């Protein structure tokens, strides 16, 4: 696989080269926090950004997606017939996506790209996108990627992995798509043995800097779904939750959505918006019956989905969580998923 | 290859089927590559006719005809499946398919007036254009039911996919595949029974045993049963030997019917039901209709009670 | 803060073992610096889970609406006012709640402190004598507590609980001569177009997660107007008009009830100053009807009463 | 702009202003035809959501009219309404809606002249603002 060294004074040139053939998205400081935004110039990239407030899932699964358009005008012979809304699926690069967030996209693939049905928007955007990851030399204290099967240097989800080696970046292609992208970069230099060693050292340092939480996911996997569902500790876990959707909206692996029709002056569109299992409306039947009308049920659903249902359903050892720590950082009432998972593994009633 | 409509062409086991392998994930892939068939795009249909089913006028049966014959060919379904009815400007609703695969040229949907979309639909007229997306979900296990006695127990307006099933089994091409067919169907009053004309016709046939019942009635000419569905099941005591029961109805009916069936010797793996849930996508992606690991829209809606008992009771 | 924690634990132990209450609602120590988690304690031997410091900004009144049991709740000035609002609005009865009053010197603004750290992780934090000592992997920093209070706390004129059954600390001196509405007046002074631009920009980052609504103790409606479908009052996409309609109506529903506890702003994951909506209402309610929410149990909320001589110069 | 005519939604109390509108019609008083009347049982029935909904659906102005203070058919509905509307109007204008778009009046069923006169004033004021933009839901701005 291709590997190259891009000195920091040439990194803008490299980004410029990516921009020649692709629309490039990268973390940009927008007001008070970072978000992925399309670049108009390479200088906009904030290379010091630790991570974006919102996960990059929105680049693939848009917060509000215009699905179909239709006419409702009486004299239109096509009135009431839905047509796919035009979309731009031209090639793009998502630059400086963190390994956890890239891995998250893979975890979500199993939902949107299934043997029976393929979500066209997700699939086409995934196809059109090359992910250039940036390894985390300095994981945050709320990061726990290493405890959920990924890591600060995990290349599993990216097409190219960049490592900040101090004076420059080492770029390594991890997939054919990544190879293709690096072939377009002329600003690269060969990677010296010394730099390669440095990258290894950085990797080791990053990995050891993170405490292993010993989440014992295998213990959860072994448990009976129904027993875990009925554990008493959920009573304590759910208490502080206010059922806002912050955790689900910031989460890189939460994919749930709602479908809505909107009409304006004889034209209409079908939209799909992010939704959240935290909201009572999410499961409310038209009859008024609601299988998850209690806060406890909704809180439990989120954690059970990520750490039990997902594993059981897809027969995998990896939970639907990549340890990015966004929900830990931004939960307004400090519900800490790391603690919840510990209790799921231990089935202990008392908080740790 | 010419595939006859109504045949079991897709391998999608219902949840809890002893023959099921790989847990409800079907094997047929959609078009590969980047040309992705949009599973959210409804087929356009025209409302051919509307029948008001019940005297409270809350249930109407809509007969829908595809605008494009090719779409009809693609919409190959099994009794027990559902579809998303789509109304531009209003939204979509998941509704069980009431017509049988053996009834060609149209689809039937019996819709209860409950929310925003169904209220709008009830005010639509014959000739109006709407959409249908599907078929969705799994179906009653027709291959497993072959050579068996089938006991159908329905209550209220949860009789739609059961009607589909009865029509399917009674079709001359299919009738020989199944042994005795027994139906217990009840509603609160005679005016609330669905498909009355058909019920009367079936009642007169000798290849199906009908037990129509109402909770109560003032009608002196009522010549069928009076009593709750579970009581009538107990009274008529269909033989459980080599038999499967398909049970659909309001929760309270199911609650009291299950012990009766158990007494009659039906084990939970031979009692099959179809669940309802709030749904949006209908294809297992939007995340709201799960019971534990199972997505009712895609892994269901048909489950055995045996299988349901292994899942969290969140439905 | 130690003393508060001790007093809270002692009270919880006593109340629970004497069976005066079924549960005690307070905070437990958070898993992150500058965060604590609301918790409920139901047995006397669990009382030591309770904890108190300058990071208890969540409004605990939020956990009281429609409770059936008898609970003790630790309440800062704002929490106690919101408990009053609950009592006035029949969400809970006064004799169901045992208020453990916690006189407050303001809660810390976590976001502002983290911004001060410029992305560095705080690992250990200690509050002492009006200072915040922060230590990280390779840094140490001391900040003046006063300068890093939540904005609403800095402007607070009701730091002492307005109603309580017992106190867990000495009453503090209330802040005087605070100009509570300087920011509102600044916006009022702008032209209509400028105000429109100001508010549109304010809510631009909104992701419609409803954290502001859900963190708010006033928002207990069984079905929120955003969730109503017949008719649907507001769309659910990120369309700016819908987002503005949501924020506007959410704020309006708090008219005459808001205690400026700051829960909404604290909860917002994208840092929107949603109090800019509610503070205008608060100011108007004070100016037009002389009412401050949650201070007096015998006075009806301003939109639940009237005076024949209420101002009406806007009516033709 | 000469072609443009404002659309104004008027919520009129059944017991007074609606009667006044009726009387104005019977008495053949002229007033502009820009007003779409919604009859309500009391000005107190007008939920702020209704006013937002009117703007949302493209009303250029909203006018609420009820009974004079003290004359409410339900004794005090308009007193409550008065407080509700004062805060609503202030907040709407605070977030930047033009002051000329939202109007309130007290008009008894006998005051047909006042009704016609107020209608003219309201239409004039809204006309001066031009077509409404704020709070009007157009095609959703989503891609």
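By letter and in written order, the chains are A, B, C and D; residue numbering begins at 1 in each of them.
Simple rule for what comes next: a contact is a pair of C-beta atoms (placed from the backbone, for glycine too) under 8 Å apart; a residue touches a chain by one contact, two chains touch by 3 or more.
These numbers come from a predicted model, not from an experiment.
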Contact-richer chain pair (by C-beta pairs counted) among A-D and A-C: A-C
Mean-CA-position distance for chain C and chain B (Å): 50
Averaged-CA centre spacing for the pair chain D and chain A, given as whole angstrom: 48
Whole-Å gap separating chain A and chain C, where each centre is the average of the chain's CA atoms: 31
Interface hub residues of chain C, defined as touching at least two other chains: 235, 237-239
Multi-chain contact residues (two or more partners), chain B: 115
Of all residues in chain A, the ones touching two or more other chains: 64, 258, 260, 262, 271
Chain contact topology (line, ring, star, complete or other): other
Sites on chain B touched by chain A in the complex: 23, 25-30, 34, 36-42, 44, 67, 86-93, 114-115, 118, 128-131, 276-278, 280-281, 283-293, 298, 310-312, 314-315
Interface residues, chain A side, partner chain C - complex: 30-33, 48, 50, 53-54, 63-64, 140-142, 236, 239-240, 242-246, 248-250, 258, 260, 262, 271, 273-274, 276, 279-281, 328-330, 332-336, 338-339, 350-351
Residues on chain D engaged by chain C in the complex (per definition of touch): 48-49, 52-53, 56, 69-70, 76, 79-80, 82-99, 103-106, 118, 121, 134-138, 140-142
Sites on chain C touched by chain A in the complex: 28, 30-32, 35-40, 46, 49, 58, 62-63, 111, 115, 119, 121, 123, 205, 207-215, 227, 235-239, 263, 266-267, 269-271
Contact footprint of chain D on chain A as seen in their complex: 62, 64-66, 87, 262, 264-265, 267, 269, 271
